[in-house]
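The data blocks that follow each hold one structure.
Two complexes come next, and they have one chain in common, chain A, joined by chain B in the first and chain C in the second.
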Partner chain A sequence: MNVQIEKCFKTFHDRIKISDLDRKEQSNMVLREKRDLLLEDLKLYFRKKNVTRKSDEHLNFDYFNQGSYGMYTGIKPIDGDFDIDVAIVLNIDKTDYPNPTTVKKWIFEALNAKNNRTVLWKKPCITVQYTKAGEEKYHVDFAIYAGANQDGHCYLARGKETSIPKEKRWEESYPKALKEKINEKFINDEERHQFKRIIKYLKRWKDEKFKQENSGTGKPTGIALTALAFNHFSPHVRDFFTNETKINDLTALTKTVESINISSIWSEINIQLPVPPYNNLFKDMTSIQMEKFKEKLSKLKLNLEEAQKNVDPHEASKLIQQVLGNDFPIIDKEDVSKKSPKPSITHSGESA
Partner chain B sequence: MCKTLRYILPNDKILQINSNVIRDLSKFKQSTTTSNESGGILLGRILKNTNHLVIDEITTPTQYDIQRRNYFKRSKRPHQKIINKRWKESNQTQNYFGEWHTHAEENPSPSNTDLNDWKKRVIRDKLNLDFLISMIVGIKQTNVWITDRDCKTFKLILTNDIG
Partner chain C sequence: MNVKELIGIIRSISFISDVKEVSILDRVNKSITVLISFKMMFNNKNNTFLIGFKNNFPLSKPYIYLYNWNDYGFIPHVDYNGEVCFAHDEGLFLDYTNPKGIIESCVKLAKNTLVKGINAENTTDFLNEFENYFSQNKHIIGTLTSCVEITKDVKVVDIFSFNNNSFIADSKSSLRAYGFNNITADFSSLKQSKKCIYVHINKPIMPPGYDENWTRNSIITSIKDRISENSLRKLNRLLFQNNTTTLLIHFVAPNNTDCLFAINLDSKGFNQKEKDNDIKLIAVRRRDLQYCTQRGGVMNQISNKKVLLIGCGSVGGFIAHNLVKSGVKKLTLVDNDIFNHENIYRHILGVNAVNENKVDALKELLESSTLKSNIEVFKDTIENIINKRRIKLQSFDLIISATGNPTVNLWLNNLLITQFEVPIIFTWVDPYGIGGHSILANNKKEGCYQCLMDENTNHNKAAFYAIDQVFHKTLTSCSSVFTPYGFLDAELSALECSKLALSSLLGLENDNPTISWKGDSSEFIKNGYKLSERFKLTIDQLNEAKYFYKNDKCETCAKR
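Let's look at the complex of A and B:
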């Protein structure tokens, strides 16, 4: 039973995961090429800008994939809107640029150079959106950081040009910190891999069950679910008695969801980003949205618990598919049932 | 939502009755003073590897059956036809496991008619299992018995009740 369900989880994971953007795989090529094209535009922009600057004032930047690509917790979107998060860390001191939108404007100008893309101001980033009829949608979010500050800290440029002054601010933020925290939580490979799979399962559940909701308000964000898993997941990768490797994603996911559930019986779910600025990742949910979220979480828990108890792998896989969506395969009823040589014979009967 | 029920069999295997069966059976409960007794047969599967049993289909009263307040007579042919059909359609995995009927009492127990019928059935029916499974659907509770080849009848215990 476990073996068969674990096979389903493996198939499910293969179907939903996004592999490392920088690995030379065909599936990532389009996204990688788009990102690299945008980075080239940024480099060109700063090269031009530096012509008029003294050599010790030359601007340059580091970049890396942040968000789920950086943490290897990315999943394929069911609506087809792929999302890449890129951190741009500039060699500037924030005290030289009291208004962070000055710096964000550079990025905006640099990227807003071609017709086939839409560049948008967002509070935490500059977004490049590609939408072509009949093609896969995707967007690249550039988060811009000041990385050469006298105080040694790192700051995210927040606000739009049109934002009120208090929203235009430098927010202490460590783009690599969350990634490191997530990647370092489990030293053991099997445990770490399972941890990341559980994050992906929760994210797919979210995409399936909150289709109508807006991200961040009615729909929990991927980061919020990542932080929940960070606090509530414990690995189930070894046999309790023999200590041999025995991956049990169903138990790991069930226990994680149970733990989140128990922690929120008497209160709203409140989870902080595990690194600075330690913000509450559910703060934008209304209490009605929170109740809905908890309701959906309870349904997830019930189905997983029943799947664990169910003696029929076919039924168990159906219960899991109901909550995780159609990428989770159903185990064929006839494959798990014994054949009988002939139909049994009944006779008429009486009861009273 | 109806719950899936699981019982312990004397050979320590589990008998699982799926929630859709519980839901279908509950429609026949004799909840009013005029409702008649209903009955039918239970269809299920033996699972590979574990040998646990799953009941996931039933037949319901047909026009050839007789339904009275405290009596039900099930005819052979229409129910046997379904057994044959389902066995074939399911690639020989779905088969006849036993029978069910309703009682106009809250927590049902078998009548002498029931016990005699079950014994007769174990001897005469050609079963795929070593025992016959019988369910009585009461107004509040549903109970399950098995009758073995020695014609001994045991009431099964829910797994939830033994922790």
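Let's look at the complex of A and C:
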């Protein structure tokens, strides 16, 4: 393993990662403030609504970041369209609201109160899109759940007002389960961190290689790549011989891609969410799209393997940049020749 | 147990009758203190047997005898004294709390052995243990001790007699190599008394019954049937040329053991005579190398391998000893050190080697502890010997560097890997008994001593001590510096290294492992030192990681 290449991966990761939204970091301030503003609007809406309700029928909600923000697997979008996923868990029983769009409409109404934002109905959520000139382009997805059901389960409100009745349904879903599953897969900190880095690398690779496409035309979703990594990643953070920590993201990524490549997903076109509802995350992919996906993945694998074999770190970094994009730095030729001098004399405890 | 108790137990066995004590016979084992006769149904008759007990019974098995040795004819596993050999003492466990069970089982085992003999199911045992049956023959006139090298031809060998013993050897010098010179003070003036012709026959021969003998004509026919025309002519010629009638005969038994016996034809030539006569039988006690090494569990396959051992310090000394005891005959030792008093408690050599060159003293020790060892020595540094071209590295099957000097090790590693195809083992100990390591390199695959050097720090990655520590202790002044470790640490390292060396020589290891043994760290820690993360690995984990040190971009082995 080349130390210089690992440094590149570190730089690459620093460039693409999105840090924790709730940490008081400057880079997150705008996003955090926007989200909090929307949450304030929601609270206000329900406060007003509760005035006409009996105290034991008051509506209220919990919220948390879900999706990549919640799992810390988020990356900066290349096109600048940031995306925040927020789960809104209402204290309602789904049986009281046979039509989930009734509930979704509350959220729509609550958010659609100001002019600087566009609120959209989407099947799994309500989206707030900001496109105002001068501001960073981003959107916030609100997924709405019924969280106080008699059966103890949690349900996602699906469908638009205009959807056919079949699409307006409560879908069993556990917004925190995936987050927990991903976070608990590796107890060892180094291993878990590497796991999340590998997810981010794969997502950035996807954004680079499917630039012109969207999810309808064969671009795999972030959650699909996360599920693939969940099944195929194995950590490379330790030198088995010396028992020392030795982070090797290049090998970890290469092995993950190799494992995906030889897996059964290509014949079955199926990768399940590892938690309920265990839906097929590739259900919208056609076999031709899958073929294209595999082709791109094979190219990724090939470049990574070539980079591993290449003794010249400059050339190796170039090969990786070809697949992971320009945020992956190239090692200067001069830096390669500038090998850190080894000590001429060292103490040894060897004797015979 | 006393006689009464024993008789009581035997009487309680259902298939046994007529139990009574008898007086000790001359023919039974000398340690037997109680002899009891009994009857049981055997071979359709109620037959008499004898059972003898040593005074430590039931800690040892009983002996079972036929009433007459030839009650059932000449059958395997019944000796001339009538003892039925039904089980070897070696590897036998007796439940001493159940003496009746022991007796019952032994009688049954003896019965089974006899049944097999009577039904001729185990006749090949006569061939497999030929020497045993032959040596009990009552016509045996004497015993020869042989250190003749087992070959498959016809040759002349010498018989020497001294101290009322007769020895048979390929030459006088081989008798010396076998250490028989120590037996007599007059060895130097000793001359061979007779010649004898060694002949290999290509099929086994049945031993004569204990009281039978071969006649001249019958044995000549048997031998003629078992040798080629050429060998027969040679045998004839050698018998005449050397004016002898004694033959040393060799064959390979069905179980692949070598069998040797000797005869005296009594009259000249190798032709049948009209007037046939009995011959003389001579037992042979084998002491040849093949026999001795097999007895020691030593592998004959490695006796032809050539090993170069660089460094004859604490670790090297034990390695040399281990290797020759394991059957390595051709060993070259390199060291330019003198053995000193301060070495005594860390070295296989002792007080009598003080002030001697380590290599000379070690050669002496090795040659006196094995047979026919061929030890070559160089009193110089390995770099001088190589640079002055005094040694041909490519002539060795294995090189071992036990210098404990990482600089020389790395130099050797790089030289070997870039220029020679000889496998090399580097071995060393870590300080204060925390462990030791051996790495095999240049053995068919990548992975070498250079790979163990950290690319940035040169720290040895196998080490059980953390980086950046100094361990040297001085004995008296700057001039004598040593890294603290003990006798057992050196021996343990040497043991692991020797095992690795043998598996390399035998072709059992086809890669380049780094083998480490872990010791006790309390002394190390008490002295304020820090262990490496590697020390935390279990023995199993260390073993699983033995190939994982390789650097696929190694400056030495990856660029080859």
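Please note the rule applied: the second predicted complex is superposed on the first by the 328 of 352 C-alpha atoms of A that agree within 3 Å, B and C clash if a C-alpha of one lies under 4 Å from a C-alpha of the other, contacts with A are read in each partner's own complex, and residues count from 1 in each chain.
The rule is simple: a contact is a pair of C-beta atoms (placed from the backbone, for glycine too) under 8 Å apart; a residue touches a chain by one contact, two chains touch by 3 or more.
Predicted model, so just to flag it, every value in this text is computed and none were measured.
J.: Using the superposition on chain A described above, determine whether A:Lys333 touches chain B (first), chain C (second), both, or neither.
T.: first
J.: Between chain B and chain C, whom does A:Asp312 touch in the aligned arrangement: first, second, both, or neither?
T.: In the superposition, A:Asp312 contacts chain B only.
J.: Look at A:Asn2 in the shared chain and tell me whether it touches chain B only, chain C only, both, or neither; answer first, second, both or neither.
T.: After superposition on chain A, A:Asn2 lies in contact with chain C alone.
J.: Have a look and say if chain B or chain C is in touch with more residues of chain A.
T.: B
J.: Quick one: is A:Lys54 in contact with chain B, with chain C, with both, or with neither? Answer first, second, both or neither.
T.: Neither partner.
J.: Looking at A:Lys166 after the superposition, I want to know if it touches chain B, chain C, both of them or none. Which is it: first, second, both, neither?
T.: A:Lys166 contacts neither chain B nor chain C.
J.: Taking the superposition on A as described, I'd like to know which of chain B and chain C A:Asn243 touches: first, second, both or neither.
T.: After superposition on chain A, A:Asn243 lies in contact with chain C alone.
J.: Look at A:Ser348 in the shared chain and tell me whether it touches chain B only, chain C only, both, or neither; answer first, second, both or neither.
T.: Touch status of A:Ser348: both partners.
J.: If I apply the document's touch criterion, which positions on chain A are contacted by chain B in one structure and by chain C in the other?
T.: On chain A, the overlap between the chain B and chain C contacts is residues 311, 340, 342-343, 346-352.
J.: Residue numbers of chain A touching chain B in their complex, please.
T.: Per the stated touch rule, the residues are 1, 306, 309-313, 315, 333-334, 336-352.
J.: Which positions of chain B touch chain A when the two form their complex?
T.: So the residues of chain B in touch with chain A come to 4, 6, 14, 16, 18, 37, 39, 41, 45-50, 52, 54, 56, 70-76, 79-80, 83-84, 87-88, 90-96, 99, 101, 111, 113-114, 117, 121, 124-128.
J.: Residues of chain C touching chain A in their complex?
T.: Within the complex, chain C touches chain A at residues 311, 313-316, 402-406, 409, 427-431, 455-463, 465, 468-471, 482-483, 485, 490, 493, 514, 532-534, 536-537, 541, 544-545, 548-549, 553.
J.: Can you list the residues on chain A that touch chain C in the complex?
T.: 2-3, 239-244, 311, 340, 342-343, 346-352
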